[in-house]
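The next part holds the structures, each set out as structure tokens.
Presented sequentially are two complexes of subunit A, the first with subunit B as partner and the second with subunit C.
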Partner chain A sequence: MENRKGVILNIGPVHPATHGVLRLIADLEGDTIENIKVDIGFLHRGKEKLAEMRYFSNYYPIVDKLDYVSALQMEILFGSVVEKAAGITLPPRAVYIRMIMAEIQRIMSHLVFIGSFGMDVGNYTGFIWAFREREELMTIVESVSGGRLAPMYICNGGTFYDLPENFNQALTPVLDDIEKKINKDYRALFNDNNIFVMRTKGVGVINKSTVIENGITGPNMRAAGIKRDLRRDEPYLAYESMDFEIPTEESGDSYSRFIIRIKEIIESIKIIRQALKNIPTGPYKTSVPWLLKIPEKQTFVRQEVSKGEMAMYMVTNGGLTPYRLKIRSPTFFSLKMLEKILKGSKIADIVAVVASLDPVMGEVDR
Partner chain B sequence: MTSELVEKLKSGLKGNITVISDDGVNDVVVLSDKKLIKSAAELIKGTHDILFMLTIVDRNPNFELNYLFSNYRNKNIIILRVNITQDDYKIDTVSKVFPSADWEEREAYDLFGIEFKGHPDLRRILLPEDWPGHPLRKDFEVTDDVRNWTGLDLKF
Partner chain C sequence: MFSYVYGVLSRFFSAPADLIVTLIVMLLVPLTLVAIIPVIIGWVDRKYGARIQSRWGPTYVGPFGILQNVADVIKLIGKRVITTNVDRLSYSFVPIALTAASFLIVVLIPWGAPGLYILDIPYNLLFIYVLMAVSPLLILLAGWSENNKYSIIGGFRGATQIATYELTLIITILSVAMLSGSYNISDIVASQKHLWYVVYLPITFLMFVVAGYAVIERDPFDIPEATQELLAGWKIEYSGLRYGMFLLSDYIKMFALSMLTVYLFFGGWNGPLLPAFAWFWIKTIIAMMILLTPRWVYPRLRIDQLVKFGWNWMLPLSILNLLVVGAVLLV
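Right, the complex of A and B next:
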């Protein structure tokens, strides 16, 4: 750095384009990034420590705020860990309810991604449209659980309530509507939009070897051409009996990361339709005591959430609370990559690349 | 598949391991000495791609480190367990072998105060640089230092 006339540019932690509280420190030479550092931790709330102070049934409101755009998937993950550790089997209807809610939440999370990505590259209409579609699903989630962003719907042994009576009739037109809009309106707004394609194509390429080296999972990995999805490779809930595709792209740039999410929405809609057709009747939960005691053991569960492979590792010692709960965040591994892939690119691309990774800082900082 | 790897570890590390298979998780390999971690990681590198997660359990006064390795081709995982005792909370880094371990080790250093020898950039990651103590340790107490922490001394 001797005779350089470069500039250090601090972006964040409260810059609106950094999706929450991500801080980037860029070392610029003209318009080009020479070096960039990622600083996280501004939303650290000590959730792993809080788990050690709470009963197994009282931790659900806390996991809700882990990844706050896909809260139901966080609840399902924590529920699965506790149930696996305590040896609780779910009634078949609860399994299907959970799967339907997880897929609804995946669509909602991907719609948030589409919206905020659109806004970050200057497509404000995309933001409004995506949130309009999300609102319809939000109303469904509200009618099921009573909550919108943090539903508090899953409990040990099933769900808190059964699905409402007219759930099927309410959900079907919404799904049809979203599918139609994705295939027609969104295509016009994003895929056929030259400005959008120029801003994203070939920007922030993550190739296959980088993905494998750094442990990136989820849509960001599938955009680089690796066909892997825990819903298919390590089926949980009732995904085994569902018929769906795993979309992949080859180029690994921001544009393909966007296309992957669009395709995944279509696949999620497919899963929900099949699940609604086959949902069994019967109880929606088994009765589990409110205070659980889990013997000394270590439990590991991983699931495919909207951001990638999320996992929890719970250590119990026979008490009423976990002895230790470690949460593996998929975006934690993707963000590390920013230092590598942003080097040498232009400053205007920072926003597009960061948004294409879909970071939600609540889950990164825990 | 995994059992092959266990055999490989057994011969490679001259039998300094114990295998627990029924632990609620897949194969758990316990290393008898923390010095073996680097050579064990190198043996695992062939069959597993990434350090999926690093879970540290505070067994006061010792620490138990669970390295969970995963790969992209199938669903196999393997857990490597190492205990470090109170004489020094130090262990060799595996981030040279598995680059995905970089931030996981920084997090462990931040929240538990375990030092990873040879790590390229061992700084705090989630907490501020001048935070007093390591909060995920069982003996962490909210002292006056914590209560009066303002963050104003940080260089921005």
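Right, the complex of A and C next:
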């Protein structure tokens, strides 16, 4: 170590505010960060390699734990890859069920973001509130799939079960409740809270050009003013026939990343309402053999998950398992930015900025 | 109060013994108060916070979980303290000093009725202020003694924060003292017989609350112990009874702040119809509930924002305020 005056502070991998096992090595001068290094890989479980040893139907429980905050979207993504490769077409009801579940999962994931962001800037109430709302949706997901965090709901060719009978009656009041609380309670606790705005505005700015250079996607990108959403630009499932807006903000700081997610929750609620109205009847899955054989092929599918653009690139060689599966995780690219945007800020900002990028280490380390 | 207790006890004991018994009783009273107040306020705080967050808070120990904090203290006492490389002397000294300070606050503060003191001294407001703001050096000492990077950062933050805000606090107290012409809480209360000082000095009142908050390190000004980034700041290596002492002194200070708010700005025990004691406690409980709220509503400020706010706004405003009060008094 060269001669230096400051302190090296090691934050993580076991630290309450690092969203799992992120490790940051901060080079401090007083309370100011001179340099920061991001160290990832503490949750590496070899997911891509594991895919090569599983049948196409048996990889779902593992894909659940990629981004464990939005597990259903991971399942849907993997399902889409397999179905595209094997040339399976979904029945229309399955498409709608998948879309509803994906949007429910997006709301849940954004609620986790709101809660943990609130907690990381020091507001414990926001955390409990967000998890209270998430719990209602969790109950819905549980009633649909039987699982809560890792639902195991999607299978090749559709979903494992149909929606329960009174799904509509159960979901509608929950959505109304969440919309009301977002517009009233959360506005009071976050948007109109001076200290919250002071802590987050102008902190951790990622501007437009940096976003494009570094491949940051999802809400973090839209917060910098780029209007791009795969649900709109490359519609998959039934997003084409849905009417929703893509919220954007201009400044690209932590506050706008927060606002984007709040707005996206509202948009997701809109989508679910429309989907519930238009959901067709019919079979919820096509029969697909458990042991699929996919011919030699290269398949690439990308979808807009709650963290950004998630993609899977699958190479098959005619066997029962993928030859290679590459996963592109969105927050991996945002985390890389920490080294740039945290330079010169205070220790307290580390936590706020990390939370504002909404990383889930399960997906970053894979 | 001493003479009253002495008068009662001297009926039962003969000449040298009665003085000793009185002294023991007078020591036991503040000790009991120091032990009981944090338990009760801690319960109120937890229950209140839990309701804001739509939880239930403690429910199991005692009716409505009121004995939860007693159970927690017993757990803390039973805890084995594991430390590595701490500076033993200063590490043990800080919690004791902070507890002694909160004990002295309890001894010096009047308890809600004229003459209801454990110890009456003419400058008690000044003394209580000193005891509440005694900690910058102690916090720095604690942070240093623990030999941990998080704790030393917390210690420096604490010292900076309190050094910034205790100046504002004493100047706001000074303007109240100038208006009433005394540093004695009884006299200050007596001079508010007709009109509360909050009517004369609304800005002083707000500044007093904010500065008081910063000095006692209550959320949202708990920057030195910032749970998220510094884990527990300067308290990080403390556990067991020593940590319990910190909690205790925190709650005593919180309580003292709400009592002082009532004494200095809301007329203390003055009020129509009801007896003085009742008035005081009604006001204190309302003040305390309001003062407990920000913790559950506001996020934490950043240290540079807090210090900037302190030097740029609070201090000049408080000095200006003092000058205005002085000018009004001269005219």
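As a working rule, the second predicted complex is superposed on the first by the 362 of 366 C-alpha atoms of A that agree within 3 Å, B and C clash if a C-alpha of one lies under 4 Å from a C-alpha of the other, contacts with A are read in each partner's own complex, and residues count from 1 in each chain.
The working rule: a residue touches a chain if its C-beta (ideal position, glycine included) is under 8 Å from a C-beta of that chain, and two chains touch if they have at least 3 such contacts.
In this text the structure is predicted, and so the values were computed from the model without any measurement.
After overlaying the two complexes on the shared chain, residue contacts for A:W290 are found with neither subunit B nor subunit C. Residue contacts after overlaying the shared chain place A:K49 against subunit B, while subunit C stays out of touching range. Touch criterion met: A:A348 reaches subunit C, while subunit B stays clear of it.
Look at A:T299: by the touch rule set out above, it reaches subunit B but stays clear of subunit C.
Of the two partner chains, subunit C is the only one that A:L189 touches; subunit B does not reach it. Once the two complexes are laid over each other on the shared chain, residue contacts for A:V121 go to subunit C alone; subunit B is not touched.
Residue ranges of subunit A in contact with subunit C, taken from their complex: 7, 9, 11, 15-17, 28, 30-31, 118-125, 128-129, 132, 189, 193, 195-196, 198-199, 346-351.
Within the complex, the subunit B residues that touch subunit A are 23-26, 49-53, 55-58, 66, 68, 72, 74-75, 77, 79, 99-100, 102-103, 111, 124-128, 135-136. Across the complex, subunit B is touched by residues 40-41, 44, 46, 48-49, 84-85, 212-215, 221, 226, 228, 230, 233-234, 297-300, 302, 309, 311, 313, 315, 323-324, 326, 328, 332-333, 336, 365-366 of subunit A. Interface residues of subunit C, counted against subunit A in their complex, comprise 49, 52-55, 149-150, 153, 156-157, 219-220, 222-223, 226-231, 296-305.
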